[in-house]
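Chain naming follows the written order as A, B, C, D, E and F, and within any one chain the residues start at number 1.
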Amino acid sequence: MKFILAVHGSPHSSESGEHALNFARAALAQGHKIERIFFYHDGVLQALQTQVAPQGEIDLTEQWQALAEQGVELAVCIASAIKRGVIDETEQGRYDKQAATLARGFELVGLGQLIAGIQQSDRYIEFCC
Amino acid sequence: MKFILAVHGSPHSSESGEHALNFARAALAQGHKIERIFFYHDGVLQALQTQVAPQGEIDLTEQWQALAEQGVELAVCIASAIKRGVIDETEQGRYDKQAATLARGFELVGLGQLIAGIQQSDRYIEFCC
Amino acid sequence: MKKILFVISKPPYASKRNAELLDAALVAAAFDCEVSLLFRNDGVWSLLPEQSANAVGQRSIAKMMLGLSDYDIDKLYVCSESLKNRGLQEHFEVALSPIGMTAQQQLMASQGAVIGAGP
Amino acid sequence: MKKILFVISKPPYASKRNAELLDAALVAAAFDCEVSLLFRNDGVWSLLPEQSANAVGQRSIAKMMLGLSDYDIDKLYVCSESLKNRGLQEHFEVALSPIGMTAQQQLMASQGAVIGAGP
Amino acid sequence: MSLHLVFTLAGLEHCQKRRHAGEPVVLLGDGVYGISEAIDNCYILQPDAQTRGVTPSVQAPQFIDYETFVQLTIDHHPSVSWTD
Amino acid sequence: MSLHLVFTLAGLEHCQKRRHAGEPVVLLGDGVYGISEAIDNCYILQPDAQTRGVTPSVQAPQFIDYETFVQLTIDHHPSVSWTD
């Protein structure tokens, strides 16, 4: 079965990242396909490269990247992302910012990728807080 | 009278930035002193340099910087900030990240600056959402 | 044709959430989905007349609503109880159908996806 | 000596908030403030025994609480009504005083600063 | 005497339970939707009400600007913030 | 038949008002504190309950792992998420 997951919460004031990661792993282990994980609203902050995991805590960014290496697409809503400061090199150039901040493994995409992902999937699961 | 203000909310899922800015301006206009503005919890995201203000909206980062130029100290809790990806050049070097993301006008400080600020002020006002 | 319901259940302005959800609804319509919108709980505050853009110039939700018909989004619902609890009237600048709890259950159950977690 | 009250009124773990507030309380004690802590509403869930660190290894609030006495933070209060509403008992691993609404009003009104906006 | 800053409707409910009668309340942000609840000694931040299309009712609380807001925090102490 | 994912206690209250009797509910995150409310057809995510020190009561709902959680989303459709 094909899933699209949505992550709506930020990494440090919600558990939506942990929930989506664990759900995705369990689904993959059962032989299902994760069509896409879509980061929306404050969820885009999951993709901020400069986060430093507190000592003793698991580094969520590394966990996302491990999932990406398994072929899962980590799609970050570009409209939500740029206002919140998550930008790739193209946006950095366009808005003349001092650095790109999108972590490796994630990519900025339009909202169309949320809708197309829902159209191509059997199930849409939203993780919010 | 001396004020210390606290900002606890993120720029795009709370109004705590706008509230604190307007409060600070009104207090200054009345001849009061803003001892410090302390950014805590998700409030530290106010200091993320790479944010791009949506078209037609006021750029909050510029507003903060204008306040800093009037001599108001914008103090960002370092413990809250580095986990959320708001880092200066020192922290960038320490944690081997690809860029510093702290906007001009803000500085990373310890929690002691919150407490010392409260001790030195007559009023503590907290803006949360 | 995929059926997608967008739920607006929080007040506008304090967060950019509602405006971002409406953006997604417009895109869904452009992708030929069958789009419905449901306003419930504090989301019904989005329907107050006389809203102005806020201090930072954030778009008025009420204005965005007026543009929905351009995208053929006409399945607009509002929870009757949520209006009543807040002393709000059932007439708006856009054509919304007030519906009860059972109709809301059926609306949700008939969707391909329900977007907009909230109260 | 400045009196500072920290209010813990949300549940632990979903957000890092409670842990960050306790960090500030420790610093306030180190700065010779008169520190009080009040647990109320869903903040009282922080007091459940048998909490484990969560999946990402976030510190257990219950464990942090045990360290408060090392900093001479002993003015620990909990809202009686909030416990009762949730069916929780009034005995904990740390010494907390259950107090009613009037005592909470007086506690707040006597402070130099109240930190931790919430319910 | 505490000053209560109320940022949301849920915050208003919790504040009302723990507020000493007579302590003033400022409604701001989404707290302004609480305008219709009859609260004594209540102020409402005008710019936030205007953004939301919240207009004065018959027994309206007093609309204030930031200048008055600042004065309230001087006259009453400490400020206590209430939210969800 | 919808599947309800409940992330907070306030979310649980709102979900219960709008849920069709018999539609299953998964409590996760801070939703697990709702364990003591007698809800029919209710599942609770075990790792989140364990983190919080939430232990089974007498009339406990069924504790599940992520594998079962995935299966529930396959068996019931659509998933509806509830929060504050």
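Just so we're on the same page, a residue touches a chain if its C-beta (ideal position, glycine included) is under 8 Å from a C-beta of that chain, and two chains touch if they have at least 3 such contacts.
This one's a predicted model, so the numbers in the text were calculated from it and none came from an experiment.
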| item | value |
| --- | --- |
| Labels of chains that are neighbours to subunit B and to subunit E | C, D |
| Taking each chain's C-alpha mean as its centre, the one farthest from subunit C | D |
| Separation of mean Cα positions, subunit C and subunit B [Å, integer] | 33 |
| Chain centre separation (subunit A, subunit C; CA means) in Å | 25 |
| Junction residues of subunit A, two or more chains touched | 12-13, 15, 22, 41, 54, 83, 124, 126, 128-129 |
| Sequence positions of subunit E contacting 2 or more other chains | 5, 7-8, 10, 29-30, 47, 78-79, 81, 83-84 |
| Multi-chain contact residues (two or more partners), subunit D | 13-14, 16-17, 54-55, 112-114, 117-118 |
| Of all residues in subunit A, those that touch subunit F in their complex | 1, 3, 15, 19, 22-23, 25-27, 29-30, 32, 123-129 |
| Of all residues in subunit D, those that touch subunit B in their complex | 2, 4, 16-17, 20, 23-24, 27-28, 30-31, 33, 112-118 |
| Contacting residues of subunit C [partner subunit F, same complex] | 9, 40-41, 101, 104-105, 108-109, 111-114, 117-119 |
| For the subunit A and subunit D complex, residues of the former touching the latter | 12-15, 18, 22, 54, 56-58, 60, 129 |
| Subunit A-facing residues of subunit B, complex | 10-13, 41-42, 45, 48-54, 82-87, 91-92, 95, 97-101 |
